[in-house]
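Reviewing the structure listed below.
Letters A, B, C, D and E mark the chains as written, and numbering starts fresh at 1 in each.
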Amino acid sequence: MKIMRKRSKRPGLPPGTLVYVGDNKHVKSSIKIFDYNADNITETDIKNPNELATCLADNTVSWINITGLNDLELIEKIGNIFEIHPLVMEDIVNTDHRPKFEEYDEYYYSIVKMLTWDEKNAEMNSEQVSFILGKNYLITFQEIEGDVFDTIRERLRKNKGRVRREDSDYLCYTLMDSIVDNYFYVLETIAEETELLEDNLLKNADSSVLQRIHQLKRQLIFMRKSVWPLREILNNIDRLESDLVKSSSKLFFRDVYDHTIQIIDTVENLRDIVTGMLDIYLSTISNRMNEVMKVLTIIATIFIPLTFLAGIYGMNFQYMPELAWKFGYPMALGAMGLVGIIMLVFFRRKKWL
Amino acid sequence: MKIMRKRSKRPGLPPGTLVYVGDNKHVKSSIKIFDYNADNITETDIKNPNELATCLADNTVSWINITGLNDLELIEKIGNIFEIHPLVMEDIVNTDHRPKFEEYDEYYYSIVKMLTWDEKNAEMNSEQVSFILGKNYLITFQEIEGDVFDTIRERLRKNKGRVRREDSDYLCYTLMDSIVDNYFYVLETIAEETELLEDNLLKNADSSVLQRIHQLKRQLIFMRKSVWPLREILNNIDRLESDLVKSSSKLFFRDVYDHTIQIIDTVENLRDIVTGMLDIYLSTISNRMNEVMKVLTIIATIFIPLTFLAGIYGMNFQYMPELAWKFGYPMALGAMGLVGIIMLVFFRRKKWL
Amino acid sequence: MKIMRKRSKRPGLPPGTLVYVGDNKHVKSSIKIFDYNADNITETDIKNPNELATCLADNTVSWINITGLNDLELIEKIGNIFEIHPLVMEDIVNTDHRPKFEEYDEYYYSIVKMLTWDEKNAEMNSEQVSFILGKNYLITFQEIEGDVFDTIRERLRKNKGRVRREDSDYLCYTLMDSIVDNYFYVLETIAEETELLEDNLLKNADSSVLQRIHQLKRQLIFMRKSVWPLREILNNIDRLESDLVKSSSKLFFRDVYDHTIQIIDTVENLRDIVTGMLDIYLSTISNRMNEVMKVLTIIATIFIPLTFLAGIYGMNFQYMPELAWKFGYPMALGAMGLVGIIMLVFFRRKKWL
Amino acid sequence: MKIMRKRSKRPGLPPGTLVYVGDNKHVKSSIKIFDYNADNITETDIKNPNELATCLADNTVSWINITGLNDLELIEKIGNIFEIHPLVMEDIVNTDHRPKFEEYDEYYYSIVKMLTWDEKNAEMNSEQVSFILGKNYLITFQEIEGDVFDTIRERLRKNKGRVRREDSDYLCYTLMDSIVDNYFYVLETIAEETELLEDNLLKNADSSVLQRIHQLKRQLIFMRKSVWPLREILNNIDRLESDLVKSSSKLFFRDVYDHTIQIIDTVENLRDIVTGMLDIYLSTISNRMNEVMKVLTIIATIFIPLTFLAGIYGMNFQYMPELAWKFGYPMALGAMGLVGIIMLVFFRRKKWL
Amino acid sequence: MKIMRKRSKRPGLPPGTLVYVGDNKHVKSSIKIFDYNADNITETDIKNPNELATCLADNTVSWINITGLNDLELIEKIGNIFEIHPLVMEDIVNTDHRPKFEEYDEYYYSIVKMLTWDEKNAEMNSEQVSFILGKNYLITFQEIEGDVFDTIRERLRKNKGRVRREDSDYLCYTLMDSIVDNYFYVLETIAEETELLEDNLLKNADSSVLQRIHQLKRQLIFMRKSVWPLREILNNIDRLESDLVKSSSKLFFRDVYDHTIQIIDTVENLRDIVTGMLDIYLSTISNRMNEVMKVLTIIATIFIPLTFLAGIYGMNFQYMPELAWKFGYPMALGAMGLVGIIMLVFFRRKKWL
C-alpha cells in the first residue's frame, strides 16, 4: 500500500503515450471473450486482437476481459480497433489513476479500484479496473487475474439471474456490484481488526498498538480515496440520458450507489473510532505509568526521612547523649516507625495512595 | 453495538438474493394485520401470506406488520403479492442498511433505524424497520417485537387522536414519529449520563471515566449515523408530488423533520461537550499527578542534603576535630535544621510549595 | 444550563398533545394585552381568554403577551380562538425546542431563545419565546416575566420611535431586536470573562482555570445553538412574499440578521480563543511543573554522589589507610566540594540550570 | 485588540439611535472635501455640514471625508442632508460592526475595516471605515485620521493615474484598494514575525515563545474576521446592475477581490503554520526536559546501589569478617566500581545513555 | 520557500504600476519566439520588442516566451504591443500572486505556479508562469529559465505528437500539462521522503524527525496553495464558450484537470498521514522515555529501603543487641535480600517490570 506509485513517464511526454506504472510487470497480457445472449454463450481466449473486430459486428453481448497491462502494443491495437481516445488509453495503463467516469460519443469510460484483502500480509491490495462500455460490448482491463469476477463468469455460464437476458450495461453493473461487494468484505476485516484492537486496548496496551492504529488509519485513508470518487461515478451514470444505459439498469446502479454511501459512512465512523482509540491508548499508557511512578515515589519518599534519622545516629560525635541511653535504640526505631506511619496516614488522607 | 455486522452474503451473488444479516436469528416470523377505517377496526394474526391479497382489494387502511426476518421464504412471498422490487426485498432483510427513502411507481420504500435503550446492559440497541407505503396499505418489517408501536396500536383500537380518520400516510407518520420520540428518550439517557460524568469529572476522576467517555463517544457516533440520513428521508417525503402522501400529512412529517434536526443538534453539542470532557479529564489527572509528585519530590529534596550532612559526620577519619567538640552534635543538628528551613523558605518563595 | 431538558411526554402520544417541559413550573400564567394605534393605547390584564376574541375584530394592533406556560388549558383555549395548528401549540409549551420559523396560511410562527445573564450564579439562562404574527395581532409566549421587553412597553406607552405608527410586523421586529441586543450583552459578559481569564492565564494558572475554560466553552456551545438557527429564521422572513411583513419592515429584520451574523462571528472567534487558551494553560502548567522538577532533581543529583563518598569513609574496614591520614578529612571534604562544583559547571554548560 | 468592544447602547433602544462604541472618544470630528473633475480640484475643510448640500448639486465628483465619529449631532445632520437611512447612520458610529455591503435606492453603503500595524506596541489596530457611494459623491467616515489615504490625496492633487478622469466609483475602488494594500503590509509583518519565531523555535525555545504564538494566533483570528466578509462585499459589487458602478470599474474591484482572496489564503496558511509551531514547541520543550531528566535519573540510579554497598560496610556488627580482611577495603571499592561499570554498560546497550 | 514575499510596492500606488517582487532579480530578461505551423518552424531570439508586432500579423502560431521579469520597461512595451490590460501587466510581475484565470475580450490571462524540486537543498522552489493566450499566439512569462518546457521545445522542433498541427490553445495545454506533470515529480519526492520517514519513525525516532515532519507539513501546505486554484482555472477553461479554446482541446484540458484532482487528493492524504506521524512520533518518544524512567525508578526504589536497613545497623547506640549477635551480620544481609526479592516479586506481579 504505497502512498504513490512511481510514474516512470518523464514530464513533458506527448499526451496519449502509454506508460504502465503498476507493480504487476510480470503478468502476461491475455484476452478472454464471453459472447452471449439469452440462449447461447461462447467463451474464447484470443491471441490476436484483430479477431476482436467481429465482436462489434454480431448481435450478441461481448465481454472482453484483458488481464495484464504490460503488453502496451497489444493494448494500443485494441484501442485502435474500438476507436478509443488516446487519453483514455493512457489512463488505462496509468494504474495509479483516480476513479472517474467519462462520456465519449460511442462509449463510456470508467476507472474503478478493486480492493482485495491480502490475508498473508494482513494488508489491502488495490488493483485498477477500467471499463469501456459500448453498444453490445463491455471491455474490462485488469492488472492481475483475480477471483472477484469468477462468480459472474459462473452466473454467465450457468445462466443464473437475469444477466444473460440483459444488455452490456447490466453486465457492467454486475461487475461493479461485485467490486463494491468486495469492499464490504475488506471493510469487515478492518472493522473486525478495529474491534479486536479496541477490546485489547484497555487490557494490555503495549507499543505495538500504536503501530496497528497507524496502519488502520492509513488503510482507512486509502479506502476512502478509492471509494469516495465512486460515488460521483455512479451519480454520473444515474444522470446519463442515453440508450447505452437503460433506465431499468439505472435502478441497479442506484443500488450500488447506496452501498457506496454505506461504505463511506462506515469508513468515516471507523476513522472517528480509531482516532478516539489513539486518545484512549495514550491516556491508558500515561495513566498506568503515572500509577507506577506514584507508588514508587511514595516508597522512596517514606524511606528517605527514615534513612536520614538512621544517618544521624550513625554520626561519630563523642558527645551524643542519646547513644548512651539504655533505650536509645528502641526509641530511635520507634521514632522511625512513627514518622513512617504519619507519612502513610498523610498520603492516604490526601488520596495519593 | 457492533461497528459493522457480518454480511454472510458472498460477494458476487445475483442482486435480489435475500440474505438476513441481523443478530435476531431466533425470532419467529409472524404477521399481524390491522384493518381499519373511521368506524371499524379488525385485528388479525395471519399464517399464510396469501391471505394478504385481500388487503389490497378492500377500501379500509391495512397495516401489515411483519416481525422477525428469518423466514426468507415468507418474506419473498409477501414481496411477490405486493409486487415489490427484488432489490427492495434484499434491503429489507439486509438489516445493516443505511436509512434511506426510495420512490417506486406503486409504493414508497423507506428504511429507518429504531433505537432502544437497554437498561440492563446500559447500551443502545438498534433495530431496522422498513416501511412500504402503498395505496391503502402500509407494510412494516421489524426485526424483533418491540413495545414502541404499542401506544399506536392502542390509539388505533381505542380510536384516539385522528389516526383512524386518516389514510395510510398518516399511519406511517405516526409510526415514524413514535420512533423519533424514542430517539429523544435514548438521547436523554445519554445526556443524563454525560451530565453525571461531568459532575464527577472534577471530583473523583478515576480511570473508569476514560472508558465511559469512550463509550459515550461511540454511542453518539452510532446515533448520528442512524439519525443523520433520516433528515434526508423526511426531506424527500416533503418534496414528493403524489397522491400517496397528502399535503395535510406533510405538515406532520415536517414536524418529525423538526425533531430530527433537534436531535442532530443535540448529538453534535454532546459530542463537543464529551470531547471537551476528555481534555478536562486528562488535565485533571495530570494536574493531580503533578501535585503528588511535587510534594513528594520536595520532601525527598529536603532530606537528601541533610542525609549528606549526617553522612559526613558518620565518616571514620581519625582526625575529625568537630567530632571531639563538646557541642559538635547539637551544632550539626542545628546546621541540618537551618539547611532544611532555608530550603523550605526558598521553595515557598518560588511558590513550589 | 442543562444539556437537554427532560421531556415528560411519553413516546407515542398523539401529535398536538400539550406537555410543558420547562423548569418554571411555578410561574402562574397571565395574559397582558397592548391594544394600540398611532393615537391611542390601552393596556389590559385578562383572566378569561375568551375576551381575546375582540382583538381579532378591531382595527388596532394587539400585542398579546402570555407569561408562564403551565396552564395548558388556558393555552389551548388561546390556540382555539386564534385557530392555531395543534402542532404549533405543542411546540409552544415544549420549551426545549430549536429556534425555527414556519409559515401558516393566516399567521407566521417563530420560536426564539431569549438569553439572559444570571449575575448571581454567573451563568446563562435560556427562555423560549414563541411569536405568532397575524394580521393586526402579535401573540408572544414567555416562560417567565423578564425585563427585556420592558423598554419596548415603555416605548409603546410613551409613543417613542416609530413602533406605534407601524403594524404588528414592526412590533415583532422590535421584540426580536431587543432579544438580539440582549445577546450582545450576554456575549460581552462572556468576552470580558474570557479576557480576564486570558490575562490571569500566564500569571497564576491554578486548576480553577480549567473549570472556567470548560464553563466558557459550554456557554459558547449553548449560545451558538441558540443563535445559529436565528440566522435562518431571519433569512426566511426576508424571503417572505406576503402582506403580513411589509418590505419596509424587512429592512429592519435585515438589520437584526446583520447583528445575528456578528454574534455568530464573535462566538466562533471566542471559541477559537478559548480553545487556544486551553493549550496555553496546559503548557504553562506543564512548563512550571517541569521547572520545579528540574531544579529539585538537580539538587538530588548533586548530593547523591556526595553522600556516596561520605558513605565510603563511613565504612568500618580495619585497614582503610585514608582514615589514618592527618589530612584525610579535609581532603575528603575537598573531594566532595570538587565533585559538586564539577557537576554544577557541567549542568550549567548543558543549560539545564 | 479587544475581542469585543463594550456597546454602551442599552438593549431595547429604538433603531436608528446613534451610539459611538469606539476607543477614539477624544478625536474631534472634522470634514474635508475634495471636489474634482479631470481639470480642476478644490480642497476644503468645512465646519457647518449645511455647506455640504452644494456637493450634491454640482457636476464634479465630491469626496467627503469625515474623521472622528464622536460628534453624533454633526453625523446625524450629514445623514439628513444626504437622506441616509437611520439604520445606516446607526451602523456608521457602531464601529464594532462586521464589514458589509448594502444597496439602497440612491446610494450604496459599505463598512470596511482598516488595519494598521502599531510598531510601538507591536500589535494590530483596527479602524472602521464606512463608505457611502452616491451619484457624483463618496462619503467616507473614519474613526481617526490615518495616513493610508494620503497617497490617494496626493494622486488627486497631482492628477496622477486615472483617478481624476474617473467617477466616484473609481475613487471608492482606489480607497478600498489602498486599505487592502495595507492589509498586505500588516500581513507581511506578521509573516516575518512568524518566520523569525520559527527560526528561533528549535534553537532556544523559552516560555515567551508560547505567548508570542498565542498573540500570532489571535492576530490571525482578528485579521480573518476583518478580511473574510470583504470578499463578500466585493462579490456583491461585482454583481451589481447599476449605473453607480460602471463595468469598467468592476474590473478594478475584481482586482481588489483577487488580493482579498490572496490575503485570506495566506492567513489560512499562516494559521496552519502557527498551529504546527505550537506542536513543535511543545515537543521541543518536552524533549529537552526528558533529556535532562534522563541523564540526571541515570546518575542517581548508578549511585544508589553503590551507596547501599557503602552502607553495608558502615554497619557496626561485631562479627563482620570482611571488615577484618586485609584487602577488604580495596575489594569493596572494586565491587562498587564493577557494579557502576556494569550499570553504565547496561544503560548504554539499552541506548538510554 | 518563504511564507510571503516582501512586496516592495508601497500601499496606495496607482493600479497598473509594475513592481517585480520575486527573488530572481539577477535574471536578465530575454525573448524567444517559436513561429510554426504544421510544415515550418522558425526559432528566434529577439532584443527589440517592436519586432513582436509581426507575430500578430502572420498566419502561423507564435509562442513568445519571456524569461526574467526584471526589465519592467521591456515588459510594459510588450504589454502595449498586445494591448494587455494594465492590471494584467501588474499581476505578471507581482510573482507572489495566487494562480487565477481571467477572460478579456481579445485574450485569456492565466497565472500558474511551476514547482521544481531543488535536489541540492532538498526543498521546493516555486516560480510564477503567466500565460496570455490570444488568437494565433501564446505569450508565456517565466521568472527563470527552467528545463520543464524543454521537452515541448524538442517536440515542436522535431514535430512529434500533434502540437505542430494544432493551434495556440493546444500549445497552452501542452505547457500546462508539462507543469502539472512536474507536480507529480515533486509530489513523488515528498511521498518518498514521507515513506522513508515513516519507516524510520518507529525504529530510531530522534529529534531531527520533528523538524522533518514540520518541513513536510509546510511543503504540503505550500503545494496545496499552488495546486488548489489550478482546479478552478481548468474548470473555467472547460466552461469557456469561445473560439480561442476549441472543444477538441478542452478534452485535453480536462485531462490536466483530472491530474490536478489526483494531486490534490494525494496532497490531502499525505497531510493526513504526516499529521498521524506526529502523533506516532510523540507517543514513541514518550513511550521510550517512560520505559527508561520506569526501570530506573524501580532500581532506585528497591535500594532505598535496603540502604535504610544498612543505615539502622550503622547507628552507634551503645545498647543495640543485634550488633553483638553472632549471626547478626548474615541475618541483616538475609533480611535485605528478602526485602529486595519481595519488592521484585511485587513489581513483577503488578506488571511494572
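Keep in mind that, in the parts below, a residue touches a chain if its C-beta (ideal position, glycine included) is under 8 Å from a C-beta of that chain, and two chains touch if they have at least 3 such contacts.
Every value quoted in this text rests on a predicted model; they were computed, and no experiment measured them.
Think of each touching pair as a link: the shortest run of links from chain B to chain E has 2 of them. The two copies, chain D and chain E, are related by a rotation of 70°, based on C-alpha atoms and rounded to the nearest 5. The distance from the centre of chain C to the centre of chain D, with each centre set as the mean of the Cα atoms, comes to 26 Å. Distance from the chain A centre to the chain D centre is 42 Å, each centre being the mean of its Cα atoms. Chain contacts: chain A has residues 286, 293, 297, 300, 304, 307, 311, 314-316, 320 touching two or more partner chains.
Across the complex, chain B meets chain A through its residues 2-4, 6-7, 9-16, 85, 87, 91, 97-98, 100, 207, 210-211, 214, 217-218, 221-222, 225, 278, 281-282, 285-286, 289, 292-293, 296-297, 299-300, 303-304, 306-307, 310-311, 313-316, 320, 322-329, 332-333, 336.
Of all residues in chain A, those touching chain B in their complex are 148-152, 155, 160-163, 174, 177-178, 181-182, 184-185, 187-188, 191, 194-195, 202, 251-252, 255, 258, 261-262, 265-266, 269-270, 272-273, 276, 279-280, 283-284, 286-287, 290, 293-294, 297-298, 300-301, 304-305, 307-308, 311-312, 314-320, 350, 352.
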